[in-house]
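Quick one: this structure, given as structure tokens, is what I'll be asking you about.
Labels A, B and C are assigned to the chains in the order they are written; within every chain, residues are numbered from 1.
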Amino acid sequence: MSPILEITDLRTEIRLRESTVHAVDGISLTVNPGECLGIVGESGSGKSMTALSIMRLLPQGGYITGGTVMLDGTNITTLPEDKMPAIRGNAVSMVFQDPMTSLNPTMRIGDQIAESVRIHRGASKQQAMARAIEVLGLVGMPRPAERVSNYPHQLSGGMRQRVMIAMALACEPKLLIADEPTTALDVTIQKQILELIDSLRERLGMAVILVTHDLGVIAGHTDRVAVMYAGQIAEATDTITLFTKPRHPYTEALFESLPDQAGAELTRLYNIPGMPPDLTAPPAGCRFAARCRYAQDKCRQLDPELITDAGTSHEYRCFFPVAPGTLEEHTKALKTPASVLAARAAGDTLLQLDRLVKNYSVTAGAVLQRKIGDVSAVADVSFKIPKGTTFGLVGESGCGKTTIGKLIVGLEKASGGSILFAGDDLSAMPRRERKRTAAKIQLMFQDSYAAMDPRMRVGTILREPMVIQGIGSRGEQQRRINEILDEVGLPSSAAERYPHEFSGGQRQRLGLARALMLKPDLIVADEPVSALDVSIQAQVLNLMQDLQREHELTYLFISHDLSVVRYMSDTIGVMYLGKLVEVGPAEEVYLTPVHPYTKGLIDTVPIADPTAEHRKESEGVRGELPSAIDPPSGCRFRTRCPYAQDVCAAQEPELRPFSPSGHRAACHFPLRQPSTGADHQVPSGSIA
Amino acid sequence: MTAIVEPVSPPAGTAPGKPRSLARRGLDVFLENKLAIVGLVVLVLIAAFSFIGPFFYHTDQIHTNLAMENLPPGGDHPLGTDSSGYDVLGRMMIAGRSSLEVGLAAAILATLVGTVWGAVAGYFGGLLDTAMMRIVDAGLSIPTLFLALVVVAMFQPSKLELIGVIAITSWLTTSRLIRGEALTLRTRDYVSAMKVMGGGGRRAVFRHIAPNAVGTIVVNATFQVADAILTVVALSYLGLGIQSPDTDWGGMLNSGINNIYNDYWWQVYPAGLCIVLVVISFNFIGDALRDAFEVRLQRR
Amino acid sequence: MTGFFIRRLLQAIVVLLLVTMIVFILLRSIPGNVAVAILGPNAYRNPAAIAQFNAQYGFDKPWYSQYLLWLGHLLRGDLGYSWNLNQSVASLLGSHLPKTVALVGISTVIALIIAIPIGLWQAVRRNKPVDYAFTSISFLFYAAPSFFVGTVLILLFADRWQIFDAEAPQGGLWECLTDWKAMTLPVVTLTLVTFALFSRYMRSAVLDNIAEDYVRTARAKGVPRRRELLRHVLRNSLIPIATLLGLSLPGIMAGALITESVFNFQGMGYLFYQQAQKQDYPTLLGIVIVIAVATVVGSLIADILYAILDPRVRYVSS
């Protein structure tokens, strides 16, 4: 069987004004018919540029400078540009990351799909539209014949990505390239889209290249994997082998910095030190040498070639490969032991939310903006956070977790209920006292860069909290700045620089530093690592834990990423559409979830373990999030719940205890019955 | 810009990788733009010509001298004379002074008024914003030139009042722009961050919003100058701007055009050329400033 | 969608009311005796006429009833009477407005026809010689006052080479539309000045769109370059032109005023210029109101057109 795609020694450069980025530097890959190849790497590793090189859709200044790309027997690197349109969308298609911007906003989706059929098949208008309806049905779009006349903005993100896939499949390509196809989507939608691609690959017998940064996605959906680092392939083999017997130290380090595994074993994440090299001037030796724990002088001087393990197709680029099976041997410092946790949980309550409600009014009307409804962002949420612990709040986008964070730090005003901080009601405080309390509650932003005034030097930015609170003389403030920079692992010279001079991970450290300036008790961290690569994410998470231990900090850790939340938190709260549906000790919630939504969410999140991924039997959470303007009656999850019955629509379930350790959930048909000691409550279906 | 809150001790040396100040980065980007440099040089030359020129090149620009009318260039009059016997080169200087003075002053005034109006509307929002912006809409639907002509026809203003009239009719676009800027800056994360620390509205406006809007304001002011000069010139061309014996480039064109069929080119082209050069220069500089303000804040 | 229309319409009405207030303030600011200013210097000899005028416009009443009375006259189409030309302002406009509409309309259409392809071409050949050339040209015409452009055109084409007339047609609308020899230079002048605005806008609109993800999607499905530019980029860049037209109407009108005065074109702008020198306030204020109404209505239509053309707006509230 001859491969559908054969890339040999591909080199792609991006010419900037003053320098050239060697984005892809000598890559060789093959993809066989019907196979799914995963390309995984961090941002800037060259994975997307490889994909775009195959399509010859490089951005401005991008050129293929060497190597060949044989697509079904044609070398596309030497084709004249006017021959490329006949290949794109026909022999090879591509699905892009952001379905919100990747569709033409002023063209009906039917026409957009039909366009490629008309170009490549020379079909008539009617034939092309018929084909468009057919493929829309194929990608699981309900009522495709009506949907063809919709415009993109009328569809949800998940539906738009289905349209993108339909467009790519309309001419039955032999190869589909999916570049981060689910990164912009929620986990529940991600699973649906990835499964769709899997099933289509099987049905249509096409090959797929799945480009992603997410090892979990790779584990569940690919046959073979190429791990890219700094423009080169670090390691390539079949998926099972990669995850069980990685040979390249980079791959190994990546696995160890993932919170999935560490969360289960209560181990500390592995820190890959430093940052990837600057590809405008790649280092002479191995590109990973500077960050590698096994690196020797040879690695810094010579660039290793790709080696193949005898008798296998396992390739890696390393002089001192990891011996197979050593993955578990590195000793890792233990996370906070369970006994300490239990003691903490019994301690004083630092923050307590009591029946917290937040509604945003939606207005309409020509003259007087009359209120037509409320978006119920937070609906009657109560929980406590003991001092010195981490409370993880998890849920899909739009579930209200960020709003809760804003309410606590005072960026929004609650519509009802109260927030007690160290026993005092925040909303009832006089202004001056509230301002003083602000020093004790700090916020860490998802995008620290956006949260820093771009024209201020870091020193000024860090000093601002003290200036506002009127704490310390200039000298004391300066000392505090130096102290805090040291704590977050940045040199004191950082104070002289501007935020734009730092990398993403460093900015997140600065964000943490600023939050710590006033020695707060509580830090609300809103998606603090979501924008970071795995290796950098581990650095920031470890730092957060170290600082917590040293300063007895309390965290409210908000994230959509269940594995990160599980790793970081002592207690997890799961939110769905403004409601807290389940709350309890982290491991208990993760391992024995009670609410069907929690269970679905856990099954939906891809984990970096192919065997576990393939073992998952649950479907995960199906369908899409309903509107919060008019949330479903009764249990808000019932529209997507496999166990829903009439009572769920009629009666709202209350949070009730399921174990003595404080595990509570709000469900009429929980996945398990409360253990002894909890008051048992039988759902009454009287109304139905 | 000097709007950075507290002085920070300057970085030691400027070796590669050492922090460079924002102003420096902006200046670098600005200086890279050749057109802006050309514009700057042209402006300096024309300003020097208009303001310093008369000290070296003495001509009578007050008394008409019909005996000397419409002389072609040459001899005592390098650019000839006009229909009133004024030396054209000397007249170009005093005309330039009026055009530049009125244009600059009107633009600065309009920028001030527009900035305050727009900032207030954008920051406070709500009904006040709606009311203030409808007034701007109404003003914008009357073309500047028409409005200015009516006012000028009513009051026959002096140079100083002319500045006021042009400013009053041209602050509207600025206010709309600044309002938009205030609206977006208000919702920036760094303003939220400051609120979380316990900071109040005054700090938000003076330490964060205003300094970050400076770029937009400066760039807009540059374009305002170009437009104001065009308005003065147009009013004078229509005979309702600066009154004789004082004049500006528009006034010179006006009198030159009366002699259009006599081939007195020196009464038309030099003044027209000056207007075009000055207006283009301000536009070049404005474009480069916009780039400079944008680029220096970008991530690398 | 209907909600949007109604809101936009009400907004336009509010703006129009504010415009009438601005004009009323101007009217009340006329130095000296308003009645004399309106009725003409000769009115001094006729105190009865002044008294009648004051009674008619309620000048003996408080300012708000004056405003309401005046507004009532406006709404009935009574724009006032020009003592200078001894005609009602409405009938003056009746004879001058159509010619201005013809001049502005023809020039704008030609400017658009030239500017759209050139803007597209510039964007596609960004930072190449063609781009620089047209950028310079549009800068030049943006910076050159229209009276200077007009004058130079007269000097070259009418005076030196005598291809066209230096003066616009002096007859009625029909003559304006048919006498190309006299009409060409005014139209060209206004076109050049407007063209600069449109082509710069087109260039940046196309540049914005060409970098959008959806254009890359189009290429990824094999859309050839020409189709990519025409079907995807151009179409999306053209939609906001509707708004641009509405917004630039005041600017174009100002250009028309100057152009008309350069070429003695007997349109509304020329009339305005002439009467400004004679302090014929009823005519001046009448014209200001007409232009303001045209602008407000124009941008209302532009916004509605935009909403119809852009499905993102069209379906927002349905």
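Everything below uses one rule, namely that a contact is a pair of C-beta atoms (placed from the backbone, for glycine too) under 8 Å apart; a residue touches a chain by one contact, two chains touch by 3 or more.
Being a predicted model, the structure only gives us computed values, none of them experimental.
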Checklist line | Longest centre-to-centre distance from chain A, chain (CA-based) | finding: C
Notebook entry, point to check: Which chain pair is joined by more contacting C-beta pairs, A-B or B-C?
Noted result: B-C
Check: Distance-wise, how many Å sit between the C-alpha centres of chain A and chain C, to the nearest whole number?
Finding: 52
Check: Approximately how many whole Å separate the CA-defined centres of chain B and chain C?
Finding: 23
Next item on the list: For chain A and chain B, let me know how many angstrom lie between their CA-based centres, rounded off.
Entry: 49
Margin query: For the complex, give me every residue of chain C touching chain B.
Written below: 11, 14-16, 18-19, 21-22, 26, 29-31, 139-140, 142-145, 147-148, 151-152, 154-155, 159, 166, 250-251, 253-254, 257-258, 261-262, 272-273, 276-277, 279, 281, 284-285, 287-288, 291-292, 295-296, 299
Checklist line | Residue ranges of chain A in contact with chain B within the complex | finding: 409-411, 434-436, 438-439, 441-443, 445, 447, 449-457, 459-460, 463-465, 468-469, 495-498, 500-501, 514, 518
Margin query: Which stretch or stretches of chain A touch chain C in the complex?
Written below: 55, 57, 82, 85-90, 93-94, 96, 98, 101-107, 115-116, 119-120, 151, 153-154, 164, 167-168, 170, 364-367
Note to self: Show me the residue ranges of chain C that touch chain A in the complex, using the header's touch definition.
What the structure shows: 3, 6-7, 10, 212-214, 216-225, 227, 231-232, 235-236, 239, 309-312, 315, 317
Item checked: Complex contact set, residues of chain B against chain C -> 134-135, 137-147, 149-155, 226, 230, 233-234, 237-240, 250, 253, 256-257, 260-261, 263, 265, 268, 272, 275-276, 279-280, 283-284
